[in-house]
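Note that subunit A is present in both complexes that follow, paired respectively with subunit B and with subunit C.
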Partner chain A sequence: MKISVLQENLAHGLSIVSRAVSSRSTLPVLANVLIATDEGRLRLSATNLELGITCWIGAKIQEEGSTTVPARTFTELVSTLTDKQVDMNLNVRTQTLNVRCGASNTDLKCIDAQEFPPMPVPDLSDGIQINVADLKEMIQQVAFAASTDDARPILTGVQVSLNGNRITLSAADGFRLSVRHAELSSAVPNPVSAVIPARALVELSRIATDGEQVVTMILPPGRSQVIFRTRDTELVSQLIDGVFPDLVQLIPKSYRTRALLSTASFLKACKQAEIFAREGSRIARLNVQAGGEMQPGTVEITGQSEETGHNQTVIDASVEGSSQMIAFNVRFLREALDVIKTPNVALETNSDTSPGVLRPVGEESFVHVIMPMHVSN
Partner chain B sequence: MTTTRKIIHLDLDAFFCAVEEQRDPSLVGKPFAVGGKPEERGVVASCSYAARQRGVRSAMPMVHALRLCPNLTIVPARHRVYEHISQQVMEIIHRLTPQVEQISIDEAFLDVTGIDLPLRQIASQLQADIYQQLGLPASLGGATNKLVAKIATDVGKAANRSDKPPMAITIVPPGDEAAFLGPLPVQALWGVGPKTAARLKLLNIEKVGDLAARSEQEMVELFGKHGYDLVIHARGIDDRPIITQHQIKSISQEVTFTKDIRDLRLLESALLELSESVGRRLKEEKLKGSTVKIKLRWPSFVTVTRQVTLTQATDQEQIIFETAKHLFHKLWEPEQAVRLIGVGVSGFYRETRQLSFWDLQTEKDRTLQQAIENLQHKFGKQAVQRGAQTTTIRTHSAKRPN
Partner chain C sequence: MPIQTLPQEVASQIAAGEVVERPASVVKELLENSLDAGASFISVKVEEAGKSLIEVVDDGAGIPAGELHLAVARHATSKLRSAEDLFHISTLGFRGEALASITSVSRTTITSRTKDAASATRLRIEGGIVGEASAVGAPPGTVVRVEDLFYNVPARLKFLKSDVTEKRQIDILATRYALAYPHVRLHLIQDGKPTLQTSGNGNQREILAALYGADIARQMLEVYAQEEGLGLRGFISPVALTRSNRREITLFVNGRPVQDTALTAALLQAYHTLLMVGRYPLAALFLSLPAEEVDVNVHPTKAEVRFRESGKIFSFFTRSVRKALMAALPAPGMDGFSSEWGQPKWRNLDRDSAQPTWSEPLRRQPAVDWGEENAPPPEPPGEAPVQEAQAPVFQQPRVPSLAAPILRLVGQIASAYLVAEGPDGLYLVDQHAAHERVLYEKMMAQHLDAAGQPGKIPAQALLQPALVELPAAAARLVTEQLSLLEHLGFEVEPFGPGAFLVRAVPVLLSGMDAGAALRVLVEDFEEDETPLQSELEARVIARVCKRAAVKAGQALSADEQRALLHDLEACQSPRTCPHGRPTMIHLSVDLLERQFGRRGAR
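Now for the complex of A and B:
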């Protein structure tokens, strides 16, 4: 293999794929990045067997070939190269990659590309086209609600369901849940559903840059994998097996109290309360007060700690129904309000032990539900 | 005008002994004491009425008790059993009223103002319930307040001294409080120890009645704020409410060694055992504390304590133990003998729990909510309503003019 690439392209490609490099694995080749000539471009791939990322960069190819380069060493080296052009030449017999850039001359010990796990070659014609901006927003609004606890693996995933021209992402960690819908530009022939590790989706939203219009999602039949493809990148993830709980039936259909308030004020109040609730129980107490005929209702947000003190914000709100006191993990509130884009948000409650619902006002496509905290006397 | 309260004080008669007599009926009528062995510096935790006739008292060193009563049988204490039975007693009391303030394993105050029966009848029914259901004798005092009710129990017990449980019931009718307390020695009042009694004696105050006759002002000048309370209490006035839930401020465990210990391994294993026991109690009480404290007593009886505040409240034995061990090594020099060692946790947070979608209770709530919605859908909003929404109507109809 004999190729020339631009330093900045190589550095960018490595930064994308290196997130899938296995940091500790018994398989040495998983600590490496595959570099291979591929139809006039250079393909960079890394995988930890659960998640694989591939990136194609432009290259001048004088001789086809492939090898795997130690990811950390290679990334560090490339980031310090100062000249524009990087020339790479592989000695196939010794699996030594010579890297030249300006005055710099490096020999890297590589592992034969044969040892690298094969990456699936998707059939792009079966793909579902999703708008990148939509998908990134959906992931941002849903993935954080997935569990990070491996006790129930299914909950570490995000359920992606496609039905007609509607795509739905849902996730829950047992204490909160997020559900977000969006429209597809073209309908899918058959309803499909898959549970994708939340981490894979977060990586996807990182590598799918806004410059691109669409991402193609492929669910190869019988393979328990999902592939997301953009023009220059591809992400492959194992799916999570198991039955995903029916989250829709967990969303309360009615409420006794509904408060409409400014999202920004509510978020700011939660951030302040969190400073005090950080130690101990992480509780923010909410007191939703119904207003009278002439005055508006209020939502009072309180955070307190025996050590640091007590913080309270009172926000004007339009309150429908009876007054309600309820306590939430303040981080859950803050994380949910962080992804609500509308200027106003509705908080719906039924009692201090039943789920609280957050809905962006004027935006039907998103709902977030949080279980309260029980405070004993 | 406030209504006259009806307060009962209940005290189980020689509780530990009564439990031991149930286990071993041959103990009935005999002088025996529950407590530690004399050679292990044991003290009397409780003693039978036959033993009391010989002068044995609780909290007395067992060696001393044996000197007073050489044929005293010593029964080892089974605190877990007593706690369990105490709970059953409290359950019986709670059936009568939720207004219960438990003040120790065998003592409680009850506010029975809401029960429309004579106080004596309520008291004897309760005494009979406890005796019939658990076989435990109890003495009760009844009055308009806690102070007089408690003293009534004590007076009743003292008046029925024999080698059998007193099972006394003493009722002080409203208005008779001062007259009832008057002839008693001042020590009968709370807060009058030997020192205060001696000072009062110098002022020619020996009976509660003598104290009641003095002016508040005079006593405040002599005893400060405490003086005011003394006079008021002496007149049989006490408006403290029943405190139904005791706010636990700290949980601690300590052990006095049978022999002074200098072996680090033994000391550390004692710390571990104490830490485990504190952790267990914390979990039982659903509390988490952020301050860990240890207490050491040297053979010289000098007692030292050290405490530290953790960054996060805990109920974990291992964290309590590691912290206690760290504190211990700050105080202890190798080879130093230790007489007593204790571990405690305080600085409690209220227990909080993140509810989950899949909790049993939330499941139930959801099923209920669903059923209500279905009914309302079928038959309209008025078909099913929450109790809270109709309480105003109910309280009105329940309130009848006297």
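Now for the complex of A and C:
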């Protein structure tokens, strides 16, 4: 293998794939990045067997070939190279990669590419086209609600369902759930559904840059894998087996109290309450007061702790229905409000022991449910 | 055999069996008589473990010549007049049986002289048969000389333990009385050798050394508390010093040694969560309370007593001990373990550096000086409480808050222990035990509201209730305890036979699988019998925390490690986990220097 690449491209490619490098594996080759010539471009791949990321960069290929280079060493080296062009030449017999860049000349010990786990070659024709910007927003609004606890693995995933021209992402961690819909440009022939690790989706939203228009999602039949492909990158993830709970049935259909308030003010109040609630059990008490004839309703948000003190913010709100006291984990509230893009948000409750629902006002596609905390007064 | 009235001698021998069962009982009865007589000096001489001679000499009030023959008669006493007197007894004796019983199973000589009598009177009794009184010359006070104990009850003689055991019993008994009456000079001479000599200057710690040895006596913590007529003083062992049985727990009520399981339980309660399972503290504690609050007439040797308001007394007892314990709870150093794990050589190194001095433990404590000025009155039983009742509560020694040292994280080793630097050396922290303690205190704090009343622990509702299926016995336990569970933040509802829905879990446990959390509780219910409600809650909480705490082998991020140390510092008893295992081991800089041979290597 004898190739020349631009240092800038190589560094960028390595930064994308290195997130999938497994640092603590018993398989030494998983700490390496595969570099291989591939149809006139250079392919960089890394995998930890659950998640694999591939990135293609432009290269001038004089001789085809492939090898795997130690990810950390190579990344550090490339980031310090100063000249534009990097020439790489592999000695196949010794698996030594010579890297030349300007005055710098390095020999890197590599591992034979044969040992690297084969990456699936997807059939792109079955792919589903999803708008990148939509997908990134959906992931941002849903993935944080997935569980980080491995006790119930299914909840560490995000369910992606496709039906007709509608895509739905949903996630829950036992105390809250997030559901977000979007439209597809073209309908899928058959409804499909898969549970994808939330971490993989977060990586996807990181590597799918805004410059790209669409990402292609492929669910190869019978492989328990999902592949997301853009022009220059590909992400492969194992799916999570199991039955995902039916979250939609957990969303309350009605409410007794509905408060409309400014998302920004609500978020700010929660952030302040959290400073104090942090010490305790992250309890934020909400007192939703229905307004009278002349004055608007209010929502009072309180956070307190034995040690640090007590914080209270009163926000004007348009309250429909009866007054309601309810307590939530303030972190859950803050994280949900963080991803609500509309200027106003609706908080719907039924009682202090039944779920609270957050809905962006004027945006039907997103709903977030938080279970209350039961506290004595 | 026809029914017949037993001869006098046989009857008194049977009765004597209740009171005098071994030589130590004779010593006890005679000692108590001397103490009741207001003696300031008592000498006890014992030969052949008491089988050939027990002689008790005192300088007390003495017995008038005319009453001497009455003193040895059954049911004759100067300490009681009427049945009502039984309920405010201020003397140790009152039954009028001791001397009669002793004289019926031995050859006894009593010599006594009151202060204003011209001469002493001597009376000799053999096997209950009273001889003639004769006038002799003797100093004021009484001498009781018991020879050939059990000579006429050979069966009893056969049942005595070995001489060594009986001697030891007498030693322990005399020492305990010495401890209870530090202002009485007490000498014990066994087979011509003095085994105990107290100065009568009121210094209890000196006597403690005779009881437990100097090393242990030095480590013992002082207890001193007064409240509403109740008084408690004495010594308890620090948590690092334990025994595998309750034998070293000595309890006195109004100057009277008692074996009260309830009081012992109250003492153990004070050590709750601080000692490992199966370990018991050492203690010598003296409880004083108004005489009418306690009924001592329930047991022939008065080893048992009944309290009128037992709940109040036990709670005072537990609280006072706990307070003293908390005030001086150190992290076990390496030498702290030596009492339990044999004698590692660390210990000797450390010992050399600190010469044992009597002042040292006192300095370390909120000093309650038992010296003459501050000492509570030497407790004439029955009178003291009146005076104590007026003593304002704030006179109690102020207990310094028992904070953990401020720790700087160094790192984690073996994915199980945190290494930290404190102001006085190196600390190794067991991450599981530490987290358990943190969770336990957080949960207990949530459980008790500001007024200390049990409240409801905040619960986090579950999105979907968790279904838990339990075997029948466990299911019944859960059904019985639903309201307790709700208090603890578990909202559980029955869902068909043997099945339950968990709708909410305590906030602190929200990271844990709800079903598993409930199962842990059920296991706990099964092991318990019928514990008190408050104990049950604490135990359940401890149990849950054990399950919820980070395990050994779990790698923690630097931030998590720091947070854990920080939380531990905030705990009230950060040095042990709720089950009594230590959370931290302290290696002092001094110890390290010694180990590296920087300072006077051995």
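As a working rule, the second predicted complex is superposed on the first by the 375 of 377 C-alpha atoms of A that agree within 3 Å, B and C clash if a C-alpha of one lies under 4 Å from a C-alpha of the other, contacts with A are read in each partner's own complex, and residues count from 1 in each chain.
Following the convention adopted for this analysis, a residue touches a chain if its C-beta (ideal position, glycine included) is under 8 Å from a C-beta of that chain, and two chains touch if they have at least 3 such contacts.
Here the structure is a predicted model, which is why all the values come from computation and not from measurement.
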Simultaneous placement of subunit C and subunit B on subunit A, clash or fit: clash
Touching partner for A:N350 - first (subunit B), second (subunit C), both, neither: first
First, second, both or neither for A:A172, with subunit B first and subunit C second: both
First, second, both or neither for A:R180, with subunit B first and subunit C second: neither
Partner chain in contact with A:S254 - subunit B first, subunit C second, else both or neither: first
Partner chain(s) touched by A:H368 [first = subunit B, second = subunit C, both, neither]: neither
First, second, both or neither for A:I283, with subunit B first and subunit C second: both
First (subunit B), second (subunit C), both or neither touched by A:D149: second
Offending stretch of subunit B which, after superposing on A, collides with subunit C (from 149-157, 167-175, 221-229 or 257-265): 257-265
Subunit A positions touched by subunit B in one structure and by subunit C in the second: 172, 174-175, 177, 250, 281, 283, 306, 327, 329, 353, 355, 371-376
Residue ranges of subunit C in contact with subunit A within the complex: 445-446, 449, 455-456, 458-464, 489, 491, 504, 507-508, 510-514, 516
Of all residues in subunit B, those that touch subunit A in their complex: 245, 286, 290, 311-313, 347, 349-358, 361-362, 365-366, 369, 373
In the complex with subunit B, residue positions of subunit A that touch it: 172, 174-175, 177, 250, 252-254, 279-281, 283, 306, 327, 329, 350-351, 353-355, 371-377
Complex interface listing, subunit A residues touching subunit C: 149, 151-152, 172-177, 245, 250, 281-283, 306, 327, 329, 353, 355, 369, 371-376
